[in-house]
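Look at the two complexes coming up: chain A is in both, with chain B in one and chain C in the other.
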Partner chain A sequence: MPMKITNEVKDTTIIITLDGELDASSSVVLDEELANPEIMKYSKILVNCKNLHYISSAGLGVFISHLQRLEDAQIKLVFFNMQDKVRNVFEILGLDLLMTIVSNYEEAITVSNE
Partner chain B sequence: MLQKLSTVFRFMLYKTNAKSLLVTIAIVSWALLLANVLFSAESAVETGAMQLAMPYINNLLIIIFIVSAFLHQRLSADNLKGIDFIGYLWNLFSKAGVAAYLSVALYLSYRLITGYANLQLPLLLHLVYMVNFGLLVIFLAKAFYIWRQLLLYHKNKFLQIAWDWFELLLFATLLLTLLNFDYTSYVFLPLLALLGFYILFLCTNLKWVAYLTFNNKTRSLVLLGAILLSCYIFARFFYQLADSKDLVIDITDIGFLPLAMVFVGFYTLAAFLVSLFSLPTSSVFEQKSADLLNFQRLSQSIQQGQSETQVYDMLFDSTIKAADGSAAWFELVRNSEPQVTHLLHIGSEQIDRIRHLLLAYNIHNIDYINNNLDRNPGFRELVLPWKSLIILPIKSKKNLFGVLYLLKDIEQGFDRETVNVLRTFTSQTILTIENLRLVSESLQNERYKEELKIATQVQESLIPKTFPVDSWFEISTHAVAAKEVGGDFYDFLQLSESRIAIIIGDVSGKGISAAFHMAQMKGIFHGLMQQDMAPSEFMKQANSALSRCLEKTSFITSSLYIIDYRMKGFVFARAGHCHTLYYNAMMDEVFYFQTEGMGLGIIRDKSYNNHVREMYYDYNSGDVMVMYTDGIVEGRSPANEEYGEERLLYMLTQTYHLDADDIKYAIINDLEDFTGPDNLYDDQTLLVIKFKTIQPKS
Partner chain C sequence: MNNFIRVNCTKKNLKPIRDFVSGYLHNLSLSDILMNQIVLAVDEICANLIIHANHEDPSKFISLSIDLPKDMIRFEISDNGLAFKRSEYKEPNIGEHVKVGKKGGVGIALVNRIMDKVEFRSSDGKNTCLLYKKIN
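Let's turn to the complex of A and B:
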């Protein structure tokens, strides 16, 4: 199942929707997306994981590698609508302590406005 | 080899023998014939009636002479091979054609003698006639078989059969002579007509003419003309003396000879005319065959292991020849920088000016033809000695390899035909260059595969083959890699007599870099654990060590266990690795240890220290510990479902009473049932430890 990545911009917020499986090949596309200098002009990045069925270590590596840079630029990274088994992967690795993972969009908006 | 040689030698000997025998027969038969004719002539002068004595024997001698002469030439002609057609013609003219001129000289000298002395010398006339007859037969035999060689050039089966029948029929006419029939009678007219048409048909086989170059055609015209003249001389001589009252013999009565003469004459005439009329077009064919040869050279350059430079050399030379260009240059594009590598009759200053102009016109690395440069004001200003220009970029869909510029000093220099040929050259070149690169790429690929093989071997050597066998626990391991080099690893280290450290882990990513990180992790494990530190401390130090060398997107998950069987307990820390599955025999309960712990290399500073915890646990005999990597729980079914922690836990509740080995096999078999065969997405590693009561040492 190929990955589909779509962006939606609302003011200073960009919502990235991940659709499919984030494996070694699709994580390259995601990496390009996050490495784009354009991304730095937003203050919030909300990642919709509703249709994210699987995340590989390469996919996790992409988020991990950009984490510090986004934090330094004071850009909030929030994941929402995450499926349980994907969330489990984040938790096992301890990423839930570093990244903000919330259950839905409204919560994501609230959390990111704090 | 020797035997073969001797056969060939014997065959040659046989052939030489046969040839000399035939020559002897021919000479003897001719001499007998001459004697008979002279005898008859002598007696005729006395009796006054011109009649030949013993006509049948005479005819027989003639036939023997003709047949032996023809057979001799038939054997000789086999030596002619190859496509040196001028050589064939020269052979024919120098060895047989001149016979005609000799015969003329003979006859003229006879006339001179008789005319000067004003007397009749019938014996001398007969001698001249018979010598000329001999020369004619030799000429015909030679011409007949050399024409056969040429006629059958590029033959097919039909033509070969047609020729064989023609030869047979022709020799069959000798029977008429033997039986002293008059071949001109009406009875034989259909046969003659048939043979005539047959000859006409055979004369259309002139494929060899097409292979002559312009120069060779002019030379062949001269030779063919001379041979044609020889035919005429012979024909005229013998027809003039036909039915002569001064002669006892008339060889025109032998049907075979006029027929052979008709064939030789017609074929010579046909070859002469075809050569003459194909003369204007021969340069075109020469060009075409040169082009073909060059195509062939281009396409063969891969097998010959030629370099790209040599291919461009070939392209440059071939296109200039094909287009008859007056000037040209070739730019090789390296790293999108053009660089002039080939020049012909043009200076670099002129090139710069033309390039400048083309850039101004925005003509850059595209197909472009200008057949009238003078009509363009920009080019007119440059005052170039050329009137036509073609630009041929050598490019594939992805790459631009180079650009070829050809110039000609005439208008309309690049017509459609020429451009087609040039385009074929360039596309062949592109193909060749791409193939050359593919070949070198696949060679590199081979090398890469070889390296991967080494990496796999390295990795295999990193994983311990045997665990220490001890009485207090059983251990069983399973490890498969999804690709050549995986990211899973495990290891152990005996810390003291009663303590053992076991590590399991997974490096993110695949391939050679994963293998290197694995090796690093193994080094860190053995290095740090020499100091016998607590698992959480180990994780902190390992994180700090890895932070300095791990790529940004890479991280490692790991769990470290230190088992102390004297204390009947173990302490462990988890760094982002899968939760450990455990069966407690006393409580009869299967569960996962839910401990906190972040993967290594995710946080690369001191704050990591807050994210790792360790846990101490007392074990009982009969307890089972299952360590594994995510390849196990993330195993996929054909319906894309994950194996999951639930199912793994359920498997242990069903199998905890078995030996460690059997527990492992049960889990792996169940996993394989779930995923189906050949459905390996990720490396799979599974370690099963079953604790036992300490046996008293005996």
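Let's turn to the complex of A and C:
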């Protein structure tokens, strides 16, 4: 199953919904999405992980490689609705301490407003 | 059920490899998290072999077999590409990766943290990676 990415824009917030599996093959698409200069015009990037069924180091690498650039531009990156098994992969590397992962959309809005 | 799969070196084959591993281990009734970790560790090794050791050359192959010795899952993954040099491997500093925007280099760290034992062997142009995971 290829990775399906859908975007929804609300003012200065972009909600990126990931559907599928992020591995060494499919993560290229997400990388292109985050590398697009257009993304820098938003103040918040909320990533809906409800249907993200799998992530490998290649998928994590996409977020790792863009995190600092987004932080420098004061763009908030927040993950929500993440499945336990996917969150566990972030935790194995301690990425849950470097990235903002919350339970649901409402929390994502709250933390991104802080 | 067949415990062996052989695929050529394209990244598209990572998904069939993952499906093979989860299918073979299905009857062990592992938790979702543990199953995912094990599938991930095998995927990481296979991705490294396909991309780095064999440069995604579709004329080259990797093979994977799974055995279930007592209270253990054992994976044997082999190829004929460039051997992984463990002596040159350094555990990544993730904070540093974030700072410099580095994309790769965390896969083997995941494998080392997930598996109970990881071995790399090479002889006569054949490389074998052995992964062991205790269960129960």
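Assume the second predicted complex is superposed on the first by the 114 of 114 C-alpha atoms of A that agree within 3 Å, B and C clash if a C-alpha of one lies under 4 Å from a C-alpha of the other, contacts with A are read in each partner's own complex, and residues count from 1 in each chain.
Assume a residue touches a chain if its C-beta (ideal position, glycine included) is under 8 Å from a C-beta of that chain, and two chains touch if they have at least 3 such contacts.
These numbers come from a predicted model, not from an experiment.
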item	value
Touching partner for A:L98 - first (chain B), second (chain C), both, neither	both
First, second, both or neither for A:I64, with chain B first and chain C second	both
First (chain B), second (chain C), both or neither touched by A:S25	second
Most chain A residues touched (candidates chain B, chain C)	C
Partner chain in contact with A:A73 - chain B first, chain C second, else both or neither	neither
Partner chain in contact with A:K85 - chain B first, chain C second, else both or neither	both
Intersection of chain A interface sets (partners chain B, chain C)	1, 24, 31, 54, 57-58, 60-62, 64-65, 85, 89, 92-95, 98
Of chain B, residues touching chain A in the complex	487, 506, 508-510, 552-555, 557, 575-579, 596-599, 602-603, 611, 630, 634, 640, 642, 644
Chain B-touching residues of chain A, taken from the complex the two chains share	1, 24, 31, 53-54, 57-58, 60-62, 64-65, 85, 89, 92-95, 97-98
Residue numbers on chain C that touch chain A, as the complex places them	11-12, 14-15, 18, 32-33, 35-37, 39-40, 43-44, 47, 50-51, 94-95, 97-107, 109-110, 113-114
Chain C contact footprint on chain A (complex, rising order)	1, 21, 23-25, 31, 54, 56-58, 60-62, 64-69, 84-86, 88-89, 92-95, 98
